[in-house]
Each structure stands twice: as C-alpha cells, then as structure tokens.
Amino acid sequence: MLGWPWLPEWLGQPEWLGQPEWPERGGGPMAVIVLRRLGLLVVSLFVASLLVFALLRLLPGDAADVLAGTSASPDQVLRIRHEIGADRSLPAQYLHWIGGVLTGDFGVSALSGASVSAELSEKLRVTAPLVGGATLLALAVAVPLGILAAARHRRASGVALSALSQLGLAVPAFWIGLMLVTVFAVDWRLLPAGGFPADGWADPVAAVRALVLPAVTLAVVEAAVLLRFVRSATLEVLHADFIRTARSKGLTRGQALRRHGIRNAALPVVSMLGLEFATLLLGAVVVENVFALPGLGEMLVADIGNRDLVKVQGTVLLVTAAVLVVGFGVDLAHRLLDPRLRGAR
Amino acid sequence: MTGSVGALVRGVWGSRSGRLGAVLSGLVVVAAVVSLVWTPYDPSRVDPAASWAPVGTAHWFGADRLGRDLFSQVLVGARTTLVVAVAATAIAAAVGVGLALLATLPPRLVAEGVAHLVDVLLAFPVLLLAMVLAAVYGGSRWTAIVAIGVGAGIGLGRVTRGEVRRVLGADYVLAARAAGAGTGRIVRRHVLPNIAPTVWVQLSLILGLSVLTEAALSYLGFGTPPPTPSWGRMLSELQPYLTLRPLTLLWPGLAVVLTVLGFNLLGDGLREAGDPRLRERPAGGSDGAPRTAAAATTPASTTPAPPAPAPMAAVAPTAGSAPRTRLRWVRGEGRA
Amino acid sequence: ACGSDGGGDADGASASSGASASTGGRANPDATVTIGAVLEPTSLDITRTSGVAPGQILLGNVYEGLVKRDQKGVVSPALATSYKISPDGRTYTFTLADNAAFQDGAAVRAADVVSSLTKVIAPNSTNPHASDLASISAVASPDPHTVVLTLKERDSGLLFNLTGPAGVVVREGATGLDGHPDGTGPFRFDSWRRGDSITLVRNDAYRGPKAKVARVVFRYLTAPNAQNNAVRTGQVDVGVISDNDLVEAYRGNPKFLIAEGTTTDKFTLAFNQDRGPLADARVRHAIRQGIDKDGLIKVLGAGTRIGSPVPPLDPWYEDLTSIDRYDPASARRLLAQAGHGGGLRLGLTIPNIYPQSIGDYVASQLREIGVTVDLRRVEFPAWLTGVYTKHDYDLSIVDHAEARDLAFYVKPGYYFGDRSPQASDLAKAGATAASDADRDTALRALARRYSEDAIADWLLLGKARQVARVGVTGYPTDNVSATYDLSKIEVAKS
Amino acid sequence: MTAVREQADGGATGAEPLFEATGLVRSYRLARTSPFGPPGVRHAVRDVTLRLADGAALGIVGESGSGKSTLVRLLLGLDRPDAGTVRYRGRPVVAGRPRALRWFRREVQVVFQDPAASLDPRMTVGAAVAEPLACLGVPGDHDERVDEVLRAVDLDPDVRGRYPHEFSGGQRQRIAIARALAPRPRVLVGDEPVSALDVSVRAQILDLLGQLAERHRLGLVLVSHDLGVVARLCDQIAVMRGGTLVEQGATADVLSRPAHPYARALLAAVPRLPPP
Amino acid sequence: MTTDAAVLEVTDLRVRLGGVDVVDGVSFALAAGERLGLIGESGSGKSLTALAVLGLLPAGARVTGSVRLQGRELLGGSDRELSRLRGRDLAMIFQEPSTALNPLMRVGRQISEPLRLHRGYSRQAAARAAVELATAVGLPDPQRLVRSYPHELSGGQRQRVCIAAALACRPALLLADEPTTALDVTVQAEILALLGRLVAEAGTALLFITHDLAVVAAVTRRLAVLRRGRVVETGATDDVLRAPADPHTRALLAAARLTQWNLPAAGSAAARTSP
C-alpha cells in the first residue's frame, strides 16, 4: 500500500504525537488546545496548498495541449491557453485559485469548464462511504481479533492471528481486489464486479452492493495493520502495573482487561487510526481503479493524465485537508480520552 | 556500535520471525544475484511461438502472451525489486534521519517549522509525487524510487523525530554536554547510534513497503517501465488474464508476498533483537539494580507525567542474566 | 423490425455478428442498453474538445451535421435533406429538413447552421477540429431552408469532414455545452457521472425513425480486466474487448456474441526525420524491415497489416505491405551502410494509454537488428508537448485514430519532420481533385510516397472487437471508436 | 532567603570563592490557563545565591521538585538562567557554544543520578570515559589517562571495551565518576549520585567520592534528597525548597540546630536505625 | 510460629523463573494483626514472594510449596477462586504509586472498586464509601479529590489512594511492597504513620517489604532477611538490627549505618576539610 503501515506501535503514544517533550506546554484547558491546534491546522492547510500548487507546475504539458489535441494549429493552442487562463503568471494563478478556495469555490475544470466543487462533492459520495466503510470494517475485525491475539499471544490461536496479519500486510491491495472480484463477482455473481450505479445513491441497495467488495479490499490491509496495533497495545496494557493493581483488588483477568485495559489500549489505536487515514485514502486510489469506481482517487489519476490542474489541486487539497482535519480530530479525541492531556487544572 | 552489530545479527537469527525473514530476504538476494549471471532466457525477448507457453521444462514458470519466459522475468524482477527497494530505502533513510535531526536540533524556530512541515507532508499523497515525477521525467525506475523514498522518508522522519528527541533528552546526552561535546559530536556519537536500532527496524519495513508501493505504482502505470522486468509490472500486465491463466499471475504475486513478508519479518526480528525499551534498561547488576529514582518520577507538582515506564525494581533480573524476559514478550511480535 | 442496414455487416471471421441478427420483432422499447467504452471524454463540449471520445457518443446520436456517414464512410444527407455541389466544386448548397428540431423543442433554423459553422472557421476559433473545414471561406443562408458554403478552393474531403465533430449543428448562442449537449439527433443527453458513465435517453420527438431503446448508458471501463468482468457479469450489454485472449474465452459461449469489425486505428511508429540517425532514410527502412508486423499481430491476436496510413476501407487503398517487408538481414545491412553497424541507440516514446506489449515487442525486435531502444512511457499530454509539439523524440508510437488523415502528414511543422515536396503536391492534388477518381489516384500515390520514403512505420490497423450479450442487436461493429450509431440498437424482450 | 543563616563559619566565604552564583532565577513556562490570559510560570529556581570555596564540599538537600537539578544545570552552564550570574574563578559561565566553555568544563565535571541513563548504552566504557578528554582537547595520552582513572575508581582497565549494560549499577556509577575525573577537574558536581543505587553500593560510592575528593583536593557540590548522604561528605549544607534556599550553613550546625521549620521537618522525618 | 491463629502461613515456597529458583524455599507465618518486615537487597526475591502469595506471579513462573491464608491453601487455586479472595481477604500495595493506578479512571472509582466487586455496593454507595475512605487516609478535600485523575495527585497522595483501595474491604492480610521507596522522606514518614495506624485499627496482618532497614525498624516488630531467595535470618526487629547473626545481614546493616547521620557524627567531612 502507499502509506505507512509500518508505523511502530509506540507512535500512538502522546509523547510521539508531535507534542513538546514537556507536557505542560502542550496542555492547558481544552479551549486553548483547540484554538492552538486550529491555528496550526490553518497554517498546515496553507502550506499544503502551496505545496500542491508548486508541485503541479512541474508537470510538462498543460490542459491547452489536451484540449487542442493533434489537429489544432499552434496559434489555436495559444488561444485556448489564454482562454483557460493557463498563460497567466504563477502567483496570479495561485492567488486566483486560493482566493476561490477560501470562499468554498474550487474553480472550474480547464477541460470541461465544470465546477470542481460540485464534482468533488459528487466523488466524495463514493469515496467517503468507501473509506468510512473500510475503516468500520477494519475496526470491527481488527479490534476483537487484536485483543484476542493479545490475550492468547502464547497460544496457537494468537500466534496464528499474528501470522495472518503479517500475511495481510504483505499482499498488494489490488491483488486482493482482483481476487475478490474473480471469486465473488465473476464466479459466484454475488456482487457487482465494479462500477457504481449511474444514478448514485438513488438506489441505496445497489450503491452499497457496489461498495462492498472495494471496501472489503481496503479493509483487509487496514485490518492487518490495525490488528497488529491493537494486539501490541493490548499486550502493553496487559502488563501495565495498574492491571496488576486491578487484579490485586479481585478482578479476574478478563474483568481487568475490560474495565481498565481497553480504554488505555484504545489510546494508541485511536492515534494510529488518524495516521492511517492517509494510507486509507491512498489505498482508495488503487482500489477505485481496480473496481472502476467513480471516486476521488480514480478522478485524480485521470485528471493528472489530462493536466486538469485546477481539479487536481482541488482534489489533493481536499485529501490533504481531510487527513489534517482527521489528525486534528484524533488529537482532540485523544485529549478527551486521556485526562492527562486535558490539562484540567 | 560495531560491537552490537554482531549481537543484533545473533538476535535476529535467534528469533523465529527474524530467522524466517532472513531466509526469505536471502532468497530474493540470491535470485537477484543469480539473474546477473544467468537466466534461462533473455527476459524481455519476445517469442511469438512461445506465447502462453505452459509450465514445463522449456519454461519453468511458463511464458506470457509475448512469449517471454516468466521464470527469467521473475528472476530479473528480483533484481529490479531489490534495486528499487534498496535505493528507495536508502533515500528514505537519508530523508528521514535528516528531517528528524532538523526537526529536533536547534535553532528552535527551524526545528518547529520542520516538525510541522513533516506533519503536513505526512498528509500529502505520495502517489501524486510519483505521478508528477513520472510525468516530468518519464516513468523510470528512478522516479518510482525517489517518490517511494521521499514518501517513506517523511514517515520515517516522523517516527525518528520521536526517537531523536528521546535520545536528546537522555541523561547521557546531558552528560556529554557537560563533558564538553558539541552538537556535531552528540549527533554522531550519541544520537545516530542510539536511534539506529529503531531506524533499522523501520528501514526493513520500508523495504517491504517499497516492494508493495512499486507494485501499486506499476499497477496504476507509474512504475518501472519496460523493458526492465519488474514484479509489479508483471502483475499489472498479466492481471487481465487472471481468470484465464491464473498460474502466470501466481509467480510474481508469490514473489511479492514472500519478499514483503521476508522484509517485514526481518523487521520484527530486528525489533525483538534490539527493542529500544529493552536496550535502554539493560540487566542490572547484583550490587544495585537501578531503581527508578524516587524523586525523578514523582514530582510533588501536578506534572501530568507521560506514561511512566514500569518500575525497574519489580523485574530486575539476577546478576549477569539475560535481559528481562517480561518486556521481551510484551514488545515482541509473534512469539510463542 | 430488422436493425440491419448493411452498415452492420459483420466481419466474416466472426461466428455471428450482433448487428446482423435481429430480435425478430420482440424488441423491448423500454429497454436500457449499457455499452462498455474505454475512452471517456474529458468534456462533452464537442466544439471545444479534441480527440474522438466526444464524437463517439454524441455524433449522430445527440448531434447531427448537415450530412452523416455510415460505418463504411459513405456520406448521406442528415439535417440537410439534399445538397448540391457546384461544378467548380466551390459552392455547396444544402437544403435543410423542415421538421428538424433541437431536443429542447426549438426548430432548427438555417441561422443555427450558419452560426455553428461560422464559429468553427472564424479566425479566433478554438475548435480543435477547425482545420477540417479550413477550405470554407463563407457560410450563408439565402433563405431559412438553405445553407450555402463557399470554398476557397475545391475540397474533395469536405463532405466527409462535415460528418465529423467540426460539422455538428448546435443552437445559435447555445452555452454550457459540456453540461447540456443539445442537438437534433435521435437521443437526448441525460446525465454524466464523470469517471463512470454517460446516459442518453431516446428523443421521442425525433423527426426520423425513433430509437428502439429508451436509454443508452455508456459505461467507461479503462482496464481491460474491468471491461471483461463487466461483460461477463452482465453489467454491460456490449463491451469493447480488444485483447485476443479475453475475446477467445467467449468463443463458443451461447450467451455471448463476438462482433468483429474494422477501425481506422493506425498504430504508427513515427520517425523523427529532423534530427539524428533517423534523418537517414536507410535507417528508417532498416527499422521498418526489422519489425515483423505479422508476429506482432499474432501475439496481439488481432489487427491487420497495412503498408501505409490507408486502411483497406478507404477508396484509395492500395496494398503496400510489400514495401519494406520483414527482413532482418537486410535491415542490418542497411544499418551498416548508414554507419551504424556497431549498434544504434534510440529513444522510443509511447503514451501510457496504449498496451505495453506493443512497445515491448518493437523494442525486442529492434534489439535483434542491433538497435537498442530506450523505452519512455509518458502520459498523453506529455507526449503532445514533448513529441508532437516540440519534436523531442527519436521514435514514437501512437494510434492515429482519425479517419482519412492522410493529408495531415504534410502539414507544416508536423511532428514527423522533413518530407518531400512531392508529397505536399500530391496531397494538394488529392484535396482539390475534381472527381473521386482523380482524388483516389492522387491519394494512392501519396500513400505510396509515404511508404517509400519511410516517413513512418505502420505497425498494424486495429480491429474493433466487441462482445455482446445475446439478445442485444443492431449495435455498430466498424469504426466504433469515432462514432457509435445507437439508432438501430434493440433489445429482445426477456 | 530570609531564613538563610548568616555565615559564621569561614569555610565557604573565605578568600576568593571558586564558584559563585548570584541571584539565579529560572522559571519554566506552563500551559495557558485561559485562551487569552498570560501563560503560567513555574519558578523552578528563584533567587539563589551560592558560594563554594576552593576544596570545599557543599551539599544541597531538598525534596523532589525543589529545583535541585535545575540549579545544577545552571551552575554547569547547561542551561541559561532568566536572571543572575554564575562565575567560576571570577569568569562568567554562560551557556552557549560548547567551545566557549571549554576552559570551564576542564575544571568542573559532573556525575548524574542514574548511571544507567547517563552512560550511552551504545558507547564502550573506554569511549565514554575518554569523551571529555576528546571533547575538551585535553593534552596527553588519553588511553593512559583512561586506564588511570578506571584504576582510581577500582575498576580493571580491561573493561574499556565493554558496554555499560554489562556492569552492575554500582560499577556503572564508578564509570561515570571515572569519566568525570578524567580531565582532572577541580570541582566535581554530583546530582544525586547515589540515589539510584542499592544501600550497600551507595556506601561504597560515597566512600569513593570522599576518598577521591580528599586525594585530588576536589571541590564538591553534592545534590541529594538524602540528608545522610550530604552529612557524610559535605562541610556546608544548603536546604532547598520550592526553588529557594531556605537554610544554609555548616553541616554540623544545620543538622543539630535547624532554624527553618522545613529543615526541622526534614530532619524529623528521616527514619533512624536503632543504635547498635 | 505456625499457630492455628496464623493468618498467613507460607511453607517452603519456591518460585522458578527462567530456570532459576528466584524464591528458594521461603517459609514464614503471620498472626492476625501482626507486622512482619521482609528485607533484603535488590533482586533477593522479596517482590516475587509477595506476588506468589497474591497469586499474581508473572506468566511463566512455576511455584511450589504452600501458601495458606486463614488455613486455606491458595497455591493451585483457579483465577476465579483467587479473585474472590484478592481485595477482600488479602490486598497489596505496590512500590510505584504513579503507575499502579489506572490513568484514565477517576481515583474515587479506583478506591471503591473492591467494595463494588466484593460487597456488591451500588454506584452511589461506592461513591460515598470512596469519600469516606479518602478521608480515612487523610486525603485533603476528599469530596473533590475522588473526582480527580491520578495524574492530578502528588506521589504521596497517589500512594494514599492505593492504601485506601487496598484497605477498603478490611482484608485480613495486607502486602506492602516497598510502598514508600518512591516517595520523599517527609512524605514517607506520613505514609508509614498512616499505614501503621490503619493496620492497627483494622486488625490487619501486614507483610512489609523494604530494603531500607531504618524503615523496617520504624514499622515492624519482627523481620525476615531474604538473600538470593532464601530467608537467612528471622527474629525480632530490634534484636536483628542490634545484633545480626548472619554475616550478610551484618554487612547490610553496616552499609546502612554509613549514611546514618547520628549526630554529631558528621565527622568525616569535617575531618577532611581540616588542613
């Protein structure tokens, strides 16, 4: 996959989450934390927008070439370039774009003249459920199995689960997708092989059916990562002193894990989820291509091919922003879950 | 450092996953080396007569539609894979460690800027970089390598930043400063050796990740271009025939899975052999297992202590015994 | 109602052709047909978008021109009920159908035609197909039912070109053509899910024979695998499957029909004659002789060998495959003569939208004659900029998909580079020929000139192959990538 | 500073002071308590003035969090005070470029609390002990000096090639002391040098420190939370609480007649063994 | 010593960990309300002895011998059976108060957890009991404090919380494993006093583990010295400290005396500075 499934387990701990080493400075009342993090988010988004813009200007060829194709004359190309505004200075182009973005207008596609915002929101209707569904699926599988693998880490079942997650990490996602299509769509005809209903969510059953295999594909890899994570977080907690204390009070192993362990183990997992979100979105690009799903990722690949830079910029900024915002949310969640970071006093 | 390399190797070999990982990774290296001197056929030679040749003595793994020998392609693919993986990993190491140092060493303004930049970059799709590089420089092996290397390097930088920070905050760095050591010396003699175990673990995982990413990039058409055989490209070329000729896809698929598995297991082995937490609190001696000092961990203030490490005293081993086993299986993966 | 009108005649090689079969009167007028297509248009504004993709869906289905062409290239009236060409060939007079209407109900007026065509030929036109109509100097309508085109000079290709995207008639003053293509054809544009599908619905107010299905969905499936799966699982009724192995898997399956047809997809290996070793004709001939086109067709499993850019369906076709026939020994000799006996290294640029195997094959073949090829796969826009515009390449492979594009190659600054003045003269003669026979003679000579000069190598002419579910009939089988005539498709009641 | 007893004894104030800290203040910024209010401040060290005569031994005691380690970092020029100055033999000690403080580091060396943490686990004992010699550009044969100081702390010079984890806690602290002695300092600063050690080992290390101080005429600054430790080695004692020195004076005086209530509480709290 | 009234009777306890007998045949007994000190250097097996009694040895430990609590054999009991006893009949306080508490749970709930578990207290009753217990262990402002999280308390306060939880059910036996090692001397003095008082009030037998001889002298009447997993000496605290029989105990004591500053004995330093 194209992300960071190799993030070490301890990265989930707050001290690794980009806070200053002395906790006091990262703490404070919730309002302060939220404000500070929001400020950081805005700066990050601005930096991201600059990065996207600059990176894309490296591309050879532009939308005017694509519009003109092979039969237009050179001065026709110039006219087209002027018409779509590709001949303006870079700062002017950036300002024009970012100015629009600030008001929620991502501009129009150079090729079709269609509103980018409208298209993004349409694509999100495929990608968001895909990524969301995959996350839920992965959690639903990885959390219980990860806890099981930790609780039984000395037994064959636990070792088998670990091995399975290792395998899950080693298989290319598109490969899993192809396999699933072959079995469930082509051989058994249970689910569609790809694509999304032409009328979108008008028929929710059809839409969900179209998303099942892609979401499962995405979830398999994600679950493998998460399982390992949940397992080691749980193992870590199982041997924490406070679990021993809890057991000295008379809680059985299971009770101690349930009442004291799970929430503590959840902390690193939550942080991990935030970091994995970027991976998921990138995985979505591949999976959407495997399943011919009209989502953000599929559009991104096509748009880069067509040099529809305004659209690419919009998409990448949206994706980056989503990751940053999720990171922000996860950070807040972490602080809510962990009173030590709430800075109550 | 030199003294611990041997120990590390022994440690890796001593762990079950490490050994399996070493064997699998070794296989890939052997295949790559063999491909330098011998392949049954020229892997990119088209032979219409051998189109879809079956598995047999002529073509051990069969042939593809253009009649190219699959075994030769897999063999040479190992080389490509290794080159991509190793080169990308090397770039990742340089980028990651560099960023981590920049993000932790003074001046503080630069450090914080870099730290935030890393966070933003982490949210940035690597794929885009790969596609842009492929578009600018024409999809070559190097564009994939650079994209994967930079992408992974940013992740590594994030991970390593924490490690560097941990080392910089350690007492022995303070001691070195008190002994008159400058920043350069501290980085060279203290930081780099001490983050090395974590970085090695990460790098072994990045090796695996590079293989997967290369395959995914090739699948999307941004990976290693022909005629260089690569497993990723084989997969993407052969995937239309999944239902018709599943066997042809088995070989590159298996090669990818086993290689990634090998690298990941190697990472696990490395982690078991050189767990940073274990490393930091080695075996105590008979005349005084180090106690986490009373004063150090219980400030009378309301300092929200970050999750403090388990107290040492409770699990201090006897003199000269091996590192405590308890933490071993806490951290170790896949141990029985 | 039999949907066949001759155009749908199947290629003989195929077991049976969907187009020639019929539902035997049990057609379902409410049916939806889903067509699997490969290349999605970037925009539906046909006046602004290059390439064949918009035309494939819109030409003849949503938009009509004054004239139309069938799959074989035969021109017939469309929005015009009849046309007259003056003896000097410089004045074309079209009489418009009087019951033609746009899909929003407005009647088609001569002014609409005039404005449409005038926009194309205007000096500041951004229509990428403007050069198709470059010979027109003026468009006028003496009365509401007549349109008169005045030409700068005789143009034997004009009528054909008017059937293409340059000739479509849109409403005067129409805007937002990307979102609302509004034409006069038998189908109305319904919706476009970008990245996925385009839906057309029957235009019940169409003046001619009504379409036989209620809805047509073009579903875009780029990966051959996805297209194949969609056909297999019935997600599309008709799918384009060019891969031989995949097509063969359907053979003998009673649920599917394989339809094979011709195309104008000329996979062209271009030589940059402006620079480097390829300026030397011997090297070009050597390369042509070094590539076994039959072998390529064999491994691809489909395609026709052509010796020039002229496909067999064109009236001026001549079998030139004997020029530079496969002869590696001779190729090596020629290279040695040109001073490259010790080997030659050339770059080969290919847009990444084409199958990898073509480039792999060519590279492998050229290596046998001592030419080392550095393959560069680029995205199409990078090809347009680098190769097409800047001429920065040695060898390049592209599919020249346009029909009757023989004269393109003599355009000044064309990416092939330098060519003989004779060729330009022949092209001119062909364009301004007074009769079809003259035209054919000139163009035949032109094609031979190209081939003898080795301005490029024509690797193969693609074959159109579709696999359709049994029960769907009337879909076109030839040239399906440039236009796709939906008017005769019908679906049997199930 | 109100409770600071006037110095009657000449031990610390006599002649020219070796070490002199005046009005040291160091505070740490804390999190804001409201979005718009000013950030909070923790005064780790506030207005501390100290003197150390050549060859004297000063003990600083105080509870956890009283600012002892912060004070040590300031004295050593490892941290910059918000206010106040540190002078060594009259020259100001200012944290900054390592090169600029070489002269100071050659004379003042430090031993930290936890030998497991203050020795780089990836550096051989030899390299660790030689580190100050290399960093400070001490002339002479470094190898020889390393052997010498290792012997001085009762370790076999053969241990040079081994790693810290191969040693017991007490041995590790000896290594740390050897490192501190290597550049022949005149003052040895110890930040809780024995708190991490077991009782039996603690005594050994204290003995060693006492011997070395005597033999090399070392000045000692010993920070501890354990009165017993300080009482054993130091002739001067300073009691620290909440960042200030609440009591200062000759050890015997302070221990027998503590003036400040906190000092009294501290003394009373120490558990005692029954007399033999 | 082994009377029928013994609350705890440990006989020939052996704990094998990683192929080594880290506890090697330890026997002792504790009568109701009695306090026994268990001392020894680091690694001598003190903690493992306590954990063996509690039945919470690290996984992989093999234990033999006999541990009887109020006449009932604990070794070999199932987790479920032992759970019913832990927290009710025997409880433990650990060395490190900062990690012994669940950082995510309010301390009030952690204090009253044994009551809810063993006495079936309702949520409200438990909350009330938590405040009472917090008051009993001398926590300031108990109403508010029970709603705090562990990190908001000082080390001494945290240890008080642990004590409150351990004594909530008035167990017959309390195991205290170096409960003050992590604390400041002043705080240590308070905690020791508190512990002594509460244990006396509740009539709980106390097994007090420490390596600090002075501390053990302050808390217990009887002590056992452990070395390498074996009891090398037992006896009345005063006797042992005054006249240790075992050479090892003697060495330990000598070392401890070195840093005792029985005034006016700060002589060594004074001697040194004299010219």
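Chains: A, B, C, D and E, in written order; residue numbering restarts at 1 for each.
Note that in this section a residue touches a chain if its C-beta (ideal position, glycine included) is under 8 Å from a C-beta of that chain, and two chains touch if they have at least 3 such contacts.
Chain-to-protein mapping (UniProt): D = ABC transporter/Oligopeptide/dipeptide transporter, C-terminal region.
What you are looking at is a predicted structure, and each value in this text was computed from that prediction instead of being measured.
Visitor: Treat touching chains as neighbours and tell me the shortest step distance from chain C to chain E.
Guide: The distance in steps between these two chains is 2.
Visitor: By mean C-alpha coordinates, which chain is most distant from chain D?
Guide: The chain lying farthest from chain D is C.
Visitor: Using C-alpha centroids, which chain lies at the maximum separation from chain B?
Guide: Of all the other chains, the one whose centre lies farthest from chain B is C.
Visitor: Could you let me know which interface, D-E or B-D, is made of more C-beta pairs in contact?
Guide: More contacting C-beta pairs are found at B-D.
Visitor: Quick one: chain A and chain C, Cα centre-to-centre, how many Å?
Guide: About 41 Å, centre to centre.
Visitor: Using Cα averages as centroids, what's the distance between chain A and chain B in whole Å?
Guide: Chain centres of chain A and chain B, defined by C-alpha means, are spaced 22 Å apart.
Visitor: Please work out the Cα centroid separation of chain B and chain E, and write it as a whole number of Å.
Guide: 46
Visitor: Where the CA atoms of chain B average out and where those of chain C average out, how many Å apart are those spots?
Guide: Spacing between the chain centres: roughly 49 Å.
Visitor: What residues in chain D touch two or more of the other chains?
Guide: Residues 42, 63-64, 198, 200, 202, 204, 225.
Visitor: Out of chain B, which residues touch more than one other chain, so two or more?
Guide: Where chain B meets two or more other chains at a single residue, that happens at 135, 239, 242-243, 284, 286-289, 291-292, 294-295, 298-305, 307, 310-311, 319, 326.
Visitor: Two-or-more-chain contact residues of chain A, please, as numbers and ranges.
Guide: Counting only residues that touch two or more other chains, chain A contributes 24, 27, 59-61, 154, 178, 186, 240-241, 289-290, 304, 340, 343, 345.
Visitor: In the complex of these two chains, what residues of chain D are touching chain B?
Guide: 42, 63-65, 73, 76, 78, 97-99, 101-102, 105-106, 109-110, 112-124, 127, 131-132, 135-136, 161, 163-165, 167-172, 176, 179, 183, 192, 195-198, 200-202, 204, 225
Visitor: Provide the residue numbers of chain A that touch chain B in the complex, in ascending order.
Guide: Touch residues, chain A against chain B: 1-8, 11, 13-16, 18, 21, 23-24, 27, 40, 43-44, 47-48, 51-52, 55-56, 58-61, 153-154, 159, 162-163, 166-167, 169-175, 178, 182, 186, 228, 232, 235-236, 239-241, 275, 278, 281-282, 285-286, 289-290, 300-301, 304, 312, 316, 319-320, 323-324, 327, 340-341, 343, 345.
Visitor: Touching chain D in the complex: which residues of chain B?
Guide: Touching chain D: residues 1, 3-4, 170-172, 174-183, 185, 189-190, 193-194, 196, 279-296, 298-301, 319 of chain B.
Visitor: In the complex formed with chain A, which residues of chain B make contact?
Guide: My answer: residues 17, 115-117, 119-129, 131-132, 135-136, 151-152, 155, 158-159, 162, 165, 169, 198, 201-202, 205-206, 208-209, 212-213, 215-217, 219-220, 235, 239, 242-243, 253, 256-261, 264-265, 267, 302-307, 310-311, 326, 329-331, 333-336.
Visitor: Which bits of chain B are touching chain C when the two form their complex?
Guide: Those in contact with chain C are residues 44-46, 48, 51-52, 65-68, 134-135, 138-140, 221, 225-227, 233, 237, 239-245.
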